Amino acid sequence: MNKYYWLIPVLPLLGAVFNGLVGKRAGKGAVTIVGLGVVLGSLLLAISAFFAMKGMPDHRLVLDYGEWMATGALSVPFGLVVDPLSGTMMLVVAGIGFLIHLYSVGYMHGDEGYARFFSYMNLFVFFMLTLVLGSSLVLMFVGWEGVGLCSYLLIGYFFETDFAPDAGLKAFLTNRLGDLGVVIGMMVLFAAFGTLTVSDILTQAGHLAPEVGFGVLTFATLMLFVGATGKSAQLPLYLWLPDAMAGPTPVSALIHAATMVTSGIYMICRLAPVFTLAPITMDVVAWVGAATALFAATIGLVQRDIKKVLAYSTVSQLGYMFLGLGASGFAAGFFHVFTHAWFKALLFLGAGSVIHAMHHGAPSAHAQHGQEDGAHAPSDPGVSPEQDLFKMGGLKAKMPITFWTMLIATLAIIGFPGTSGFASKDEILYLAYLKNPALWAVGVVTACFTAFYMLRLFTLAFLGKARDPHAYDHAHESPATMTLPLALLAVGTVLAVWLGWPKAFGGDFRIEAWLAPATTFGQLHGAHGEHGSHQLAWALASVSTLLGLGSAAFGYFSYKDGLAVSAARAAQFPFLHKLLLNKYYVDEGVELYLLRPIRWCGNVLWKLFDVIIIDGVGVNLPGALARVSGDFTALLQTGRVRNYALSMALGAAVLLYVFLK
Amino acid sequence: MSLTPSQWAALLPLILPALGACLIPLMALDKDQATSKWIRVVMYGTALLAVGASFWYLTDLWNTGAQPSFHQLRMDRLAQFTGIFVLVAAALTILQSWDHFHQEGWVKGETLSLLLFSVTGMMLFASTSHFVVLFLGLELFSIPLYALVGTVRARPESAEGGMKYFLTGAVASSCFLMGGVLIYGLSGTLDLAAAALTLKAQGLALDPLVLAGAALLLLGFLFKVSAVPFHQWTPDAYEASPHPIAGFMSVATKGVAFIALLRIFPGSLAPLGTVGVKMQAVVAVLAVATLVIGNLTALVQTNVKRMLAYSSISHAGYLMLGFVAGTPAAYDGVLFYLVIYLAMNMGAFGLLTAFGLVGEKTTFDDLRGLGWKRPAMGISAAIFMLSLAGIPPLGGFYGKYMIFRELVGTGHVGMAILGVLASLVSAYYYLRFLVALFLQAPGAEAERLASDRPAVHAPLAGATVLVCAAIVLAGGFLQTFLADGFARRALVDGLGLIR
Amino acid sequence: MTWLNSHPLTFLVFAPAILGFLILALPHALGRLSRMLGFMGALAFFVLSLAWLLGHGGGADISERAPWFTLVGLPVDYALGVDGLNLWLVILTTFLVPLTMLGTWDSLKDRIGTFAAMFLLLETGMLGALMAQDLFFFYLFWEAMLIPMYFMIGVWGGDERRYAANKFFLFTLSGSLLWLVALLYLANKAGGFNPAIMGQAASALPFGVQCWLFIAFAVAFAIKVPLFPLHTWLPDAHVQAPTAGSVILAGVLLKLGGYGFIRFAIPMFPQAALHYAQPIAILSVIAIIYGALVAMVQRDIKKLVAYSSVSHMGFVMLGLASFTVIGTQGAMLQMLNHGISTGALFLLVGMLYDRAHTRMIADFGGVAVKMPVFTTFFLIVTLSSIGLPLTNGFVGEFWILNGTFLSGFSWGRLYASIATSGVLLGAVYMLWMFKRVFWGPENKDEDSGTHHLHTDLNAREIAVMLPIVVLIIWMGVHPRTFVAVSEAPVTALLKEAKAPAPRTFVLKPAVHEAPAVPAAQAPAPREGHAAEPAAHEVHR
Amino acid sequence: MTGMDAILHGGLQGYLVVALLLFSIGLATVLLRRTLLLQFMGVELMLNAANVALLAFARFRGGDAQAMVFYLFIIAVAACEAAVGLALVIGLFRHRDTTDSDRAASLKQ
Amino acid sequence: MFITFALITLLGALGMLLQKNVIVAGLCMVAAFFGVAGLFVLLANPVAAALQIIVYTGAIMVLVLFVIMMLNSHEEEKAQTPRPVQRWLSLALVAALAFGAVKLVMASAGLKALAVSGAAVPRAMTLQKVGTTLFADHLLGFEVAGLLLLAAMIGAVALTKRDL
């Protein structure tokens, strides 16, 4: 079986190529079969590989497929590594990926670009699996950039709109900005370790002492973290993620919630031993994560667009994960990745289902999404009507499956005791407290905000009464291809807790031990969680859970009767409301203080430097000077023969002078 | 009086064109020569025959390796080289003038006669180191040229150009004469080679009068090669004269003057070491001036003939650089360059005839779009212009290469850099020619005029252009043959310059 | 056949010119036949070059050398050779010529036969310059190339073609003429134009003289590259040139600059080259960023691509300046990459222009709706141009950056880090342009370019683009195919040049519990330690 | 005889001074006068100056007949120049109705 | 005697240079030619003196004067614009040349030696000697001079023939 594992990433690639090249002609049926088939095949192979890995004595399955780019001292093989970390991630990607593919069959059924969509999605799975399985940083970077590309293509999927291309471009460029960090980080690591193969780096790292102060590894890891902030939408590179909701909802679920955006966390886990060597970086990671979590959560409080709320929630949750990583809780962070993948995908797909339901009148998905730019929304031009929370309400009755699955996901995300969200979040908060109580405090506040806006979302969408009767009348439960994934994801959300119920509550947090071969690579850095006591864990958990539930209740009561209460509150704090509603004006600031100066700079360089200085002074001026002096010398040719004779006489004088001198 | 065969051999190459020159005016006595074609055919035939016979005879001499002499005339390899050079130029000129005068609407047998006289004078000028013959040769080729320049009676500018050429030329030849006389006076002999030896023997090599004499001699040569500041007649005279004559002047006068300069200064006067050094110093200064002024002024010309005139001035600059280097190999380069230059410039002027440009209609605008109408001529034009600009792999590049190489080899890197900068400038105005030919469509007015006029019919001029193009190309690919087999042997056997 | 067997390179170099002259001699009315003849010929040359150059084991050196002539005491050899340094550039040339001919089959209406002839003459010039192993011989081709290119721009170009053609010609000529003087100077010292002998002679000269000579060489090559600030001829030439001219200009002509460095300037003046590595690197970094920033604000797609060339070729020069095997190999690959990707971009822009008769970005919008196939190809090429992994662009840039970072020079790390931003900026201008042209609502304006688009790519155009796409992926996935042959010569060359050994970081092992010194500032022992004095020696 | 004496009393130096002064005056005529005929006479004067020098040298070389022959040729040349020069002047006058060389300046630059 | 003829020559030449009236200037020129002839006599060269008068004065100058009359250009035409640069630069140059010439003559050692040695061997130029030399040594020159005269004649004809 081993020799077929290269197909795990390649199968989706083949699917992408097929769908891209001949999908349109082959028809929707073929596209569906191929598009889903390859991911399913990949999933099955992945499961097989996973168990093969488990069978290995050191839980590592190394697959090498020859040299890719080797020259001089640099050698980068095409190699795949399956270990507990990548294996788990691989399963998440393939598994959730498959579910979302399945969901998309229903969601995208009316779209003209059906084949194109599946081509992109398959391609994404290919790149994501490459990212996860790549044995070297470079191969990981292939996936890293590749998922960025797919994200770009999928965000810009409705390319004939105004908004989607912009959002895609923004996503790609912001990611690229982060990728610079990865490239620089790789260069530094290569200069330091002489290799870019992950296992080699980790082996060497095991023999090193942690850096005190700012050293090479600190620099390298910080640079890698810059990449992570780009991909995982952390401050300050989070800007693209909310805009990324311009893509079709399955995309948001798969890429911008479950998989791609977590690749930053995944990378840090991958290189955990190296990061552990750089305490400064760990602090930075923790604080950036905490700040992002809080920052995004505050914005999420007031958004009207259902997907925007979820997007900021994602940013916020990603912040949590980094907070966990920064607190050396690699397993905790990764566990949150895992649980988050389930419940956030579920939330998005649920939202998609709602949007699907809210949409009325237009027969084709094409036209439906043509309106996603929100040009027709009367009350708020920034939000399209079918995504506007303020126009929903009472959908519980119309779409029960969606309602119930969404409820499970919401409970998970707000950390309702006993859910998977509770388990992962609590572990992170606990570790944060051990690192620095302030971090814990930020985390708890964020949790409260999360609980508030999630309940706000849930209440506005499903409870109360319909605020847009027309849309409500047309709303309907989604088809089975969509509800089935919802159900499966809900099951996953519930079951995920099994993997990491905290020790403090009698669990074994088995994921830590499970990941240990990968995150510690046989060394014993970062053995945390032993410093505190179960009493402390209980106390902390109680505080945060109580506060969270209180916020949730607050959220529910604020919105259960419509919008009046919240409107009154907004009027009470107009400035704050406006600030949050406009996302702290960061986009505007970036445009004003970053992009415009750069374009101005380009223009100045071009018009002033290129055209005037180099071309004008350096190139054309000598030419003009030559012509002018030519005009001058031509004046010497007066046409009067006496002058000619005089010049000859002068010449004679020169000759005589030189000869007689 | 009877002459020995050897003396005949030395004289015959000169006698043949002279004979032609004497015969043709007899045919030109007929008043209807413009209209009766057969007379024209006979006149041109005679001229070509004279030139051809002389050429044939000279090549024969060259092949046998004989170097006969008659009194002061030394028909050595260098002289044979010169003869072949001049005769080729003359033949091309004769062929081109058939078409040109036909286009202009008049034919004068006298022009052919004068041309042949001039050819005789040139061969004489470059074949002797005796001052009397040198002077007579100079006058024999100059005076017919004065007349030729002023011969286009229909154009007021023609006589003006001739007058300017004449007056400046007469001043220059007076200076030349005075210089010769001074050297004679102090040495007692009119043979410059003998004079140099005598002066050296008497320790008079540094006598101021000798140096002044040498300076004045040099002036005569520099005038003929149109070096700055003795160049100002050039554009006026070229513009005034018929196209083929302008081509002939630009090529033959310059070539012969350079060869004579070579024969006299580094050759005959070599024993007077200082003179050679000072000559190089002066030529260096003037070469710089020539390159700068020639090229810059050429840049702003609108008239093609004037552009070519200034270009010929700037080429004099490059050739002078060969003298600045002053090594045998550099002189080899000079001779090689002259051969290519002959083809390039005769070709360029021939193009004007081939394109049927008459009178004053020789501006760049008149050339527009012609390259596409006459592709063979267009390609030839490209070859000439690029070669003039010194773009490899054409012949012009090799000439420059040889000269610059010696220049750099003798430590004149600065001069070489100036030289290449000058060719950069020159590339611009040569490209302008091509721009007009290929890159610009003819103006509406020009199109209308062209449709009124009968189609240009210039087969002979066209043929000469093709021949010239072939020579330029050959210069690029058979450079060794031309440089070593032709130019170098002329130097070795004629001057004994190369070791 | 026996002659062919012993003179394959001669045939490859001169056969195109001979065919070109033949076509030139054909009457004007037979333009279509001429074009077909030219294309078939070029295709045949490509096949032959593949068969001959890759045929026996792929990359064994082939050379032809014979004394050619001796003028003014300097022997000139007729020397052609194909080795690891130029093998793929030669094949790139023979590949691009027929491809471009096919790709621009219908773009020109006038004088198509003459154009084909010019193209073939240009091919001779390029192949000759790539293969020449004697500097005089090289110079001949180097200059001769200008002539057909001049006419291609000047005759078939856009509205400002005369200015652009003249600028191209004179700009390039200015550098090479000064170079000629240096060449002659050195040839005088060496007694010939054989690069090896000239190199030896150069090493005997005082260091100051070597520097001047190197500068003369470098300027001539840098103009061709073009290196900032000698690049301004490029945008004009590209914008005005017909599509085919742009493709070849970007695809091959620019490469000759970089090739000149690696073939002649660096091996002949290693000391001076090391001495000037930093200035070159600075200019390269400026070129990378400057080209990108300026490209960003262009309104004409072609001009944008032209400036992107400046940026990309900056990477090549940076790789060469790094004096590491990785960097130099990256530069070698990047030259090929740029030839393929930018050539393809120009082809695509040409296809767009042929349909819309405009190249202004603002005239488009929503092209993807009208021409989906075209959009796909454009996207792939764009991605290659911005260096997405698994396309060719990534490998080259990654190597160059890594090589520079590792470079034995003290500035390597900083410049590599700065140059990385070129990767971002490249994405900015390319994708921004892509978005504005291809995405967004369809431009409904009657005068707009989009409005004039009626057909997607036809079979011929797809046939042109497919091999390019295949190459883009191939070079990205298996770059060894294209750089394996150059590894040995590059390594030898750098060793010969006494390039400073790579500087690596040294990390503190755990057993030492000494207070950690930031390793970045710590003097690098290992090979790096030996490199320091060498670098100082160079910087005297 | 030395210095000025030699010049004033008919020594070789005297003749040479006369010749060179004559030459200068001839040149001055070409440079300063605008009438073509006068300029032409200036040229003749320059030739004559050479003649004077030539024959003076011949005298002090013991009556060198070579120089005398050369003198004959120079006279012939002068005659030829006169013929062509005057023909050109006449030709110019026919077109321009002037013998002022400054006015015959349509060819320039 | 020398001084007299020298002065006639130089003053005649100066007169030509300075005289406004073209005819008078021509006559001054004739005077200068006569002075030169006188100098030739002093140089023991009566043949040259005779030729000078016959050819120059008798033929060339008459021709010139004839043309002056024919073209009716007695007076120099009025200058269109003053050309001070031309004038003063020319004057300076010519003055320098004249001054330099005198200095040159004084400075030349060879000349001095020749003056001394040559004064000792006075020998008249005879026609016989000239003839012998002409046909023995300068046959070539003689032929060329003949060609030259023919060429000049044809040239003059070509330049002035009416009907072309």
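Order of writing sets the chain letters: A, B, C, D and E. Residues in each chain are counted from 1.
The criterion applied here is as follows: contacts are C-beta pairs under 8 Å (C-beta built on N, C-alpha and C of every residue); 3 or more make two chains touch, one makes a residue touch a chain.
Only a predicted model underlies this, so the values are computations on that prediction, with no experimental measurement involved.
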{"item": "Taking each chain's C-alpha mean as its centre, the one farthest from chain D", "value": "A"}
{"item": "Farthest-lying chain, centroid of Cα atoms versus that of chain E", "value": "A"}
{"item": "Between A-B and A-C, the pair joined by more C-beta contacts", "value": "A-C"}
{"item": "Chain whose averaged C-alpha position falls nearest the assembly-wide average", "value": "C"}
{"item": "Chain centre separation in whole Å, for chain D relative to chain B (CA means)", "value": "27"}
{"item": "Euclidean distance of C-alpha centroids - chain A vs chain E, Å", "value": "103"}
{"item": "Distance between chain centroids, defined by C-alpha means - chain B, chain E (Å)", "value": "30"}
{"item": "Separation of chain C from chain D, taking each centre as the mean of its C-alpha atoms, in whole Å", "value": "67"}
{"item": "Junction residues of chain C - those touching two or more other chains", "value": "170"}
{"item": "Chain D: positions in contact with at least two other chains", "value": "16, 23, 26-27, 30-32, 34, 39-40, 56-57, 61, 66, 69-70, 73, 77, 80-81, 84, 87-89, 91, 101-102, 104-109"}
{"item": "Chain A: positions in contact with at least two other chains", "value": "623, 634, 637, 639-643, 645-646, 649-650, 652, 656, 660"}
{"item": "Pairs of chains in contact (touch as defined earlier), listed by label", "value": "A-B, A-C, A-D, A-E, B-C, B-D, B-E, D-E"}
{"item": "Chain B - residues contacting chain E, complex", "value": "1, 18, 21-22, 25, 31, 34, 70-73, 106, 108, 110-111, 113-114, 117-118, 120-121, 124, 132-133, 136-137, 139-140, 143-144, 146-148, 150-151, 153, 159, 162, 185-186, 199, 202, 204, 207-210, 212"}
{"item": "Touch list for chain E against partner chain A, complex", "value": "83, 86, 89-90, 93-94, 96-97, 100, 104"}
{"item": "Touching residues on chain C, where the partner in the complex is chain A", "value": "167, 170-171, 229, 231-233, 235, 290, 293-298, 324-326, 329-330, 366, 368-369, 376, 383, 388-390, 394-395, 398-399, 401-403, 405-406, 413, 416-417, 420-421, 423-424, 427-428, 431-432, 435, 438-442, 477-480, 483, 487, 491, 502-505, 507-513, 515-516, 518-520"}
{"item": "Contact footprint of chain E on chain D as seen in their complex", "value": "1-3, 6-18, 20-29, 31-35, 37-38, 40-42, 44-45, 48, 51-52, 55-63, 65-66, 68-73, 75-84, 86-91, 93, 98-100, 102-103"}
{"item": "Residue numbers on chain D that touch chain B, as the complex places them", "value": "16, 23, 26-27, 30, 36, 39-40, 43, 46-47, 49-50, 53-54, 56-57, 61, 64, 66-67, 69-70, 73-74, 77, 80-81, 84-85, 87-89, 91-92, 94-96, 101, 104-109"}
